[in-house]
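The block underneath contains the structure these notes are about, expressed in structure tokens.
Residue numbering begins at 1 within each chain, and the chains themselves are lettered A, B and C in the order written.
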Amino acid sequence: MALSKTAHIVTAYGEELDQLADELARMGGMVETQLETALAAIVRRDASLVAGVREREKQVNAMQDDVEKRVLRLFALRQPLATDLRMTISALKIASDLERVGDLAKNIAYRAEDLAEYAPLSLLDQVERLGAIVVKQLHEVLDALSSADVEPAIRVWRTDDEVDERYNALVRQMLMSMTEDPGQVEPGVHILFVAKNLERIGDHATNVAEAVHFMVTAGPLEADDAKS
Amino acid sequence: MTDTSDTTSIRDAVSRQLPRRYRAELRFRAAGLAAVASAVGILVILLISILSQGLPAFTVNQLVLPVHLDRSVVDPEGDASEASLRRGAYSRVLQDAIRAEFPEVTARRDLRNLFGLYTPLNATRLMDDVLADPSLVGETYTFRMPIADELDLYLKGRLVEDRTLATSGLLTISADGDALALNSSAPDFASLVEDAMATMRAEATALDARAERARNLAAELEGSDAEDALYEAERLSAQAQALREELAENDGRIELNRDLPTILVELSGVAVRLTALDANGRSASGEAMLGDAADISGAADWTLYVIDTPESRRRVSDQAIVWTRALEARGLVRTDFNTYLFSNADSREPELAGVKGALFGSILTMLIVICLSVPVGVFTAIYLEEYAPKNRLTDLIEVNINNLAAVPSIVFGLLGLAVFINAFGLPRSAPLVGGLVLSLMTLPTVIIASRAALKAVPQSIRQAALAVGASKTQSVFHHVLPLAAPGILTGSIIGLAQALGETAPLLMIGMVAFIADAPTLGLEGLTQPATVMPVQVFLWSDGAERAFEARTAAAILVLLALMIGFNALAIYLRRRFERRW
Amino acid sequence: MPDNQSHILDQNAGFGETEPPIKVAARDVCVAYDGKQALNHVSIDIPDRSVTAFIGPSGCGKSTFLRCLNRMNDTIEGARVTGSLKIDGAEVNDKSIDPVVLRASVGMVFQKPNPFPKSIYDNVAYGPRIHGLALSRNDLDGIVESSLKKAGLWEEVADRLNDPGTSLSGGQQQRLVIARAIAINPEVILMDEPCSALDPIATAKIEELIDELRENYCIIIVTHSMQQAARVSQRTAFFHMGTLVEFGRTEDIFTNPRDPRTQDYITGRFG
């Protein structure tokens, strides 16, 4: 995420910042994969994918630790200012959000194991659609991060409303379905949890969008959104 | 791997070079040490030679005579007024005093020689004493006066070669017509006889050699020159021949003359000069020089005093020496510290000559130089360094000042003559003019040293002062000048020391004359004729009397003391200024 | 402001109360040394009772501008100053203003501590003496003591006021210089890299001193250390090649500078 065209005079400093950005990008990519895999496991009712998700979860945590260490080091040794300062602070926030997304994806995957025992539910395609939107959110915001572009970040931020609406609709439908057919309660509960997790992931994607906006413009995203 | 080989190769390279570098260093240090040692050595030799030459001038042998200040002689008007006292015949008083010591001297010529034991200028000193204390009139007063300069040298052992021989026999002197016959019971005169004969033989040989040289010269010359040379050769040969005949004449007597060492026989109160020696070494003829020598028999405590420098080769007569020895024996000669050196101005007579005039002249001149060159020089330097705009004009001024420092000092003397004496009409030989001329000479040195000292003050001090709201002048005088003071002082002292030792410019403005009175150490003294120490040294070194040699060296010592005093003052002032930080 | 939100930093007021008045106002100030332009049309308003830092690479003109404020450029041959520079509304370059008077009200602290080679007492007392600020010896003693106290040096030197100023350590010397500057009660204090020759502890003490002094004086500090500018100042001006590139609140300059040149300089991307 090159915020400036010129390189640092001290190349090691610039390299450290670049490595931080790379680490963050890799973490984002891995989290994306986690989410996609978890959703696939739910939708296709394929429990074999869960093992992979469990494995990658450890890597995601390790990456967050790594990002924190790098940030600490940068503050102590380089005293970053201006854009570098904002980028470093944002990296900390973003890593924290991404780690939560990873956790939530892992939880979704675990539910897949449970859901696989039951017959497919009709609402599964709604879940699939909600998942697709969230995946797109995550993907877009990670793109915005790597290109340091506020426009896609603002778009992602706005998508949060749609996610909330779909989630609420899904919950209402699920509740109706569960009251009609008590046999649907057990799988229904798992679906509800999955949907909740997806909604939370959308929130975190929104947080990342805010962080990206702050990193580039030094201002809050709400102000920009209010203007347009 | 390349790193280690690089480091070892550099170590090797340096180790190889190292002995040569150390040797070069050692050579340099040795050269420096040798230079210092030779400089110190030369200095020590210089000091020792000056000291040994000059020390005798610091003591003086004085005659301590009771003089009777007869009222009729000293106070002709009889009213004890100053005018009367000034008309007193003090020289007669002195003459009477010395005659009282040697009443047997009556012939006019002899009296003239007797009065030559002291310089008549002492009469003025006696008059000054009486004027200072008129109650002395009619009293007998103990008057000290320095003995004549040659005799002073004699008493210090620097005039003649002499020796005293002990005797073992008993002496009998009896009259023999006009002369005296001396007989000793022991061969006391024997060694003298041999000496006399040896001297005559050597003399004859020398004369022959000179004759030979004259003949050789005649062979090279032509015409009347050759004739003169031949004539000289003949004369010398004749002299040699006479001497040899004398020697051969073996009549048992050797005639002594003025060209041979003087031999005196001395008893208590009696001195006899030998005129001939008998070959047996027991008897001689002589003439009385002091006291009644006619009837002495069986005297045991008598000595032979031999003056190896013959009378013809010295300026002091035997008689004068006899009188001096008599006075010394009577306790009338005292050796005192030579206060005349410091209390008198210059004099024709070495024994009364002193440096007071030159010292005061130097002090007055130096005062003028200090009062003129230091303030003008320092302020000029301050202006040039701190205030003057940096343009071509100031560059030109700076170049000219630097060049002035290299101008030969005598040029300043010419300038002084033309401007101060001819154009301004200032008096010649005055310390005022001398001071002015020397100031001109010292100014460039002071200016250059002061500028260097001012330049050395770091700019940060000036800026700090300005930043606190000091004006330019305040920053210069409160801060820059105190810091530059040690350097300025050093430069000024160097310039002043140079000026102290300058003679050439002062010669041009007339401070080279013989000045008998010291200038007063006050404002009036600035316009009175004076001379300075280096000029005094120069004048004395030219003096004919031998006594001036020691005094020249003594004056040099006084001058050196003055310079050392100056430097000590400078060091003290430097320390005081430096200690403040 | 509501009570439960009173802890939120008010972004608009950087000083807690009202904005302090403008002490130094410069308009189109240009300085040339022997024809070579050193400052180009600098316009800036520096507020009173605060610290303003000037940062920028070497030769950018920040020290030159500083020297305009007390007309130290007058001492440099070939320096020409144009434009309007006002302190408290009075034009500094006006012919009728004596630089000596100006310098008495604008104190300066230099990069290398330069106490006078006099005693500590005389160092501080020199200014009041030449400006006639003390009527008696007691007055002078009082001025010296209070200046040294304000400079945080009194404890360390009270028992050796007659020792030479140069016998102190570097940090103490710099505080002595500051005491000397404030002894004549100036209105503006200029500091040209005051800590660049000092160790971190001495530097910290000077920074603490600056913090205390800013309640009463307008302080302008030129510094090469951005961390120091960040720590010590409320406003920062970035100079580059004789121009004033950016001027604003310190926290804004260091977190979100607007000009890319400022950005590049602060983050160390100047090449």
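We adopt the following convention: a contact is a pair of C-beta atoms (placed from the backbone, for glycine too) under 8 Å apart; a residue touches a chain by one contact, two chains touch by 3 or more.
Note that this is a predicted model, so its numbers are computed, not measured.
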item: Greatest separation from chain A - chain, by CA centre; value: B
item: Chain nearest the overall C-alpha centroid of the shown protein atoms; value: C
item: Chain B and chain C: spacing of chain centres that average the CA atoms, whole Å; value: 71
item: Mean-CA-position distance for chain B and chain A (Å); value: 114
item: Averaged-CA centre spacing for the pair chain C and chain A, given as whole angstrom; value: 50
item: Residues of chain A touching at least two other chains; value: none
item: Complex interface listing, chain A residues touching chain C; value: 4, 6-10, 13, 79-86, 218
item: Interfacial residue positions of chain B with respect to chain C in the complex; value: 390, 458, 460-471, 474, 478-479, 482-483, 580-581
item: Residue numbers on chain C that touch chain B, as the complex places them; value: 70, 72, 75, 77, 100-101, 103-105, 107-108, 110, 112, 114-118, 126-127, 130-131, 164, 166, 177, 180-181, 184
item: Residues on chain C engaged by chain A in the complex (per definition of touch); value: 226-227, 230, 254-257, 260, 262-264, 266-271
